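Here is the structure we will look at.
By written order: A, B, C and D. Residues from 1 in each chain.
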Amino acid sequence: MLLAVIGRSAAVTVAGLVILIAGFLLLHAQPALREIGFVRFFADASWNPSPGPEGRFDIVPALVGSALATALAALIAVPIGITAALGSTFFVHRAVARLVDSGVGVLAGLPSVVIGLWGLTALVPWIARIRAPGASLLAAALVLAVMVVPTIYVASRGAFKSIPKTCLDGATALGMTRIGILRAAVLPTVKPALAVGAVLAITRALGETMAVVMVAGNVAAIPRSLFDPVRTLTANIALELPYATGLHRSALFAGGAGLMALTWSLVVLGRCISRAWSGEHND
Amino acid sequence: MTEARIHRSTTSKSDVAVQTASWLALVALLVPLGLIVGDLLMRGATSLSPQFLVDSPSKAGREGGIGPVLLSTLLVMGVCLLVVVPLGLAAAIGLNEYLRRGGFAVRTVRIALDVLAGTPSIALGMFGYAFFCIALGMGVSILAGGLTLACMVMPLYVRLSEQALRTVPDDVRAAADALALRRYTAILRIVLPVAAPGLFAATGLALARALAETAALLFTSGYVSRTPGSLLDPGRVLAVHIFDLSMNVPGGDGPAYATALVLVALLLSVSGVPRLVRGFTRRWSHPV
Amino acid sequence: MSQIDNRARALLPWCPMEKTAPCCTPRTYLEVTDLTVKYKNTTALRHVSIEIPRGCVTAIVGPSGCGKSTLLHVINRMTDAVAGCDVRGSVRLAGAEVLGKGVDLRMLRRRVGLIFQRPNPLPLSIAENVLLPLRDHGFTGREERASILERVLHEVGLWDEVAQRLNAPAATLSGGQQQRLCIARCLALLPEVILFDEPCSALDPIAAEIIEQLICRLRNRYTVVIVTHNLAQARRVADFTAVLWNREGASSLVEFGKTRHIFERPTQGLTSLYVGGVTG
Amino acid sequence: MAVVTSTGAAGVSVTGTVSVVGSSTIAPVLGELGRLFEAGHPGTRINVETGGSTRGIVEARSGRADIGMVSRALTVNEQDLAAYLVARDGVALILHSGLEVQSLKREQVIDIYTGRIDRWVGVGGPDAPISVIHKAEGRSTLEVFLDHFGLKPTDVRPSVVVGDNQQCIKSVASIPGAIGYVSIGAAEFAVADGVGIRLLPLDGICATTANVRAKRYALTRELNLVTDATVSPVTRAFIDFVLSSDATETIRDLYFVPIGD
């Protein structure tokens, strides 16, 4: 019974931790929510949080920036991550698969500042050649994709490996083509795990700070094209928190709380998709 | 878990398509890695030397080595793993073995873990500072840094451990239940040995994610590059050192890239360990 | 061998009976009354009542999907681990209620062994598959456990085939051998009732034949309940037979009686329909 | 400047911990000075933490930190803190090295930053788009820059917003046709180190640390240390060390202009 008690208490501490963090963010965001008010966060003309009356706290560009950068990154990283995991589990020689696994282990471990620096020194000039300034939504999406693809790869790889051999042999025994086998035996059993893997990756991209700040351009305006600069919620905090005072500082915390709310809703959405795909048992 | 291989069936057009797609995806995955590590090698190799690993930094890190930083990193990672592995494994076992049926507790915990995974690292850093450093009075220290890192890495570790536990087929658990084995005997002697390779891989990946963290540790484990005397002393980790050198110190790029190379070497050894152990565990526990 | 049995028997409050009276004067040992089992929205069993005689082999037959396995899994409460499974009614083992609250599941499953359709040896060595459960149930003596291991492997006819490689992984055994190993580890715990859930359906005829002979040898020493959709097997092995049938979305007991009556002079139309055309 | 003996002002050897919190620009200098001070005074520990000037002010006032690092002049409501001017740091305009533009008049800079001119051909450069690099809200170099050119934060139309100095330098070097402003010391080192940027003179005066030292260069900002009323002996000793001539070598080494010069 001891393990049951530890299991439940560990579970409770984790849930408690999340509530503590959310409470901490809301506590610090309280002055801003009271004084600036929820509406102005969305109605203000721009984001110029200078002290005094002419401060503007329009959070919409940052929200849109975060959503766009994350969505684009997921669009790039999810297919690549899943297909690569598919390849290394079923199609390539085991030594190659092991090589890829350790390679992904390294990519997952690179600090975001290293990937951000590479983005700034390699990606941005390359994009700038197409259209100035180079630091843009596209650069942010690519860098986030590189940060996030290991998470999807690992989640999918685990899911593919846990498919019972009997399913695979059944489909192979029918002499079906590879795609047939994938569609018949592989995908149905792992769809819920893939959905959760994708959600984990997207929440990670939403929370990423250092790498995005380097390459996104951080202009607080809604980008009209891939090449326009974009500011994410996390970049907003990272850039201004060290020097923010009073109302501005608490407005940044409100942004942080908003980001957690976005993450929360995304996680619940992902869970519903995963449950819908998996029929009765949730993963 | 045996590696399932799909035998080379007749290569129809669709098969070729799937084959090339997966090869393309693998290449697309490894190209950025090659570019980044290549870039690091090109810019950082010159400052690398055995002395670099031992000396302490001088002239704000532009000269000397990263001895104390390496030590602080190992200490912070140690504290983090000491918290994450037992607690995470217990939670994974709790979720997977005990609360098997999707009750309310299981669903809330799973959602809480996912949200914790999504918490922006800078917000967790601020929380860690306010909670561990100030509220619990640890001050900016290795201990506070390790605990904050544990909060960040816990969700990933629990999810990967659960996946490892799930590789144990259910009919083995049914057999253990039918034989009325005590629950902890079934887990310790049957489930864990079979899941061991997956669990070690989970630890390796969690450690990799911990090594990569910058924002959360900047406020909690500190900026000081001196050798920490105790767990309550501040100490700067590799990622923070790389950040400071490349962002705040003119001429800090060379040592920054060299430090990044040391981190890459550390990562390779970390992701190599599970493979060693998998070879070992395969000998006496047999995939069903 | 019996000297060891006495010491083992002294350890356990319940112990398998001596040679009892022949089967023809049956006394009820396992009594299922008015059992209804529902999974979320489907009803597996409705108002099933059966009296399983002591020391005999009772077969439960019926088309697949008529809840035969569910009945077995209720008796040793394996259904507890199934999400959304609702069990109503009563199952009494030697007079003691099984389904109520406060039943010591560990002791229940030690007294009522269950053999699955697909052999599921523990991912350990051949010897450990038997020794680990013994250790876990408090058999402390090493030599005592070793002798039980030897006895049960002899009983299932595995000893000659595996004596030299007891430490080899159980996964290296053939399907039939694995199933016999599962039976051996169940016998090692000295159960009173052994439930077989289609034990031979995953095995080749020769291995199935060995298992059937083994079940016959268990008669009079253990109360055996075997679920099978192989009517010839039921006829060969069982003293009593129960026929379950799927009517109006749930299955219930059609007829229960001596195997000879069920196969030669069935009283229910459904039984004759189902067992009709059975060749020897 | 009174030369302080290593045993501290009062002749007695000082021990204890000094916690220094604040601007990430000054942190490397204070970190290095802390290391030297610890070498000279066994038993002392100087714990430097970053987090920005605001955190320096807040934690110095609350007493959680002994010394606050502030990379700007103190505002009117921060006069309650004791301030020690440690060094000055000039702020210079920098261009991507690919541009041949030699100098820019004051109005041209204002037109560029307010978006009225958006191609280099307008100011005697190649026909290429201008990428305006601007600092994030609250940064000290930003405030000094806006004050000098008389701009309000809402007037500026940036193409890219950056945080720390090195990020600005690397962005200007990576983005063709980019213009930005950063502390002179960091820019001078980058040029010497071969990074692809060029410094622009301001109002005809070359942007060099020498000119800042000679107080000829107009656009400068102060680097201050602040403490609250109560100062422990070891903190006092460390501040004296930082203000002493022993420290000017290290300050100059990190491309700031010590007060003594």
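Definition applied: contacts are C-beta pairs under 8 Å (C-beta built on N, C-alpha and C of every residue); 3 or more make two chains touch, one makes a residue touch a chain.
Just so it is clear, the structure is predicted and the values come from calculations on it, not from any experiment.
Enquirer: Which chain has its C-alpha centre farthest away from the C-alpha centre of subunit A?
Expert: C
Enquirer: From the Cα centroids, identify the chain that ends up most central relative to all protein Cα atoms.
Expert: Measuring from the global C-alpha mean, the nearest chain centre belongs to B.
Enquirer: As a quick test, compute the distance in whole Å between the mean CA positions of subunit A and subunit D.
Expert: Those two chain centres are 34 Å apart.
Enquirer: Quick one: subunit A and subunit C, Cα centre-to-centre, how many Å?
Expert: Going by mean C-alpha positions, subunit A sits 52 Å from subunit C.
Enquirer: Averaging only over C-alpha atoms, locate the centres of subunit A and subunit B and give their separation in whole Å.
Expert: Distance between chain centres: 17 Å.
Enquirer: Specify, in ascending order, the residues of subunit B that touch 2 or more different other chains.
Expert: Correct list: 102, 246-247.
Enquirer: Which subunit A residues touch at least two other chains?
Expert: 117, 121, 238, 241, 281 - these are the residues of subunit A that touch more than one other chain.
Enquirer: If a residue has to touch 2 or more other chains to count, which residues of subunit C qualify?
Expert: Residues 83.
Enquirer: List the residues on subunit C that touch subunit B in their complex, please.
Expert: On the subunit C side, the touching residues are 76, 78, 81, 83-84, 105-110, 113-114, 116, 118, 120-124, 132-133, 136-137, 169, 171, 182, 185-186, 189.
Enquirer: Please name which positions on subunit B make contact with subunit A in the complex.
Expert: Those in contact with subunit A are residues 1-7, 9-10, 12, 14-15, 17-19, 21-26, 28-30, 32-33, 35-37, 39-40, 87-88, 90-91, 93-95, 97-99, 102, 105, 107-124, 126-127, 130-131, 151, 154-156, 158-160, 163-164, 166-167, 169, 183-184, 187, 198, 204-205, 207-209, 211-215, 238-239, 242-243, 246-247, 256, 260, 263-264, 266-268, 270-272, 275.
Enquirer: Which subunit D residues qualify as touching subunit B in the complex?
Expert: It is residues 24-25, 27-29, 31-32, 34-35, 38, 45, 47-51, 64, 163-167, 185-186, 189-190, 193, 253-255 of subunit D that touch subunit B.
Enquirer: Under the definition above, what is the set of subunit B residues touching subunit C in their complex?
Expert: Residues of subunit B touching subunit C: 100-102, 168, 171-172, 174-182, 185, 189-190, 193-194, 285-288.
Enquirer: In the complex formed with subunit D, which residues of subunit B make contact?
Expert: For subunit B paired with subunit D, touching residues are 58-61, 134, 140, 218-219, 222-226, 233-234, 244, 246-252.
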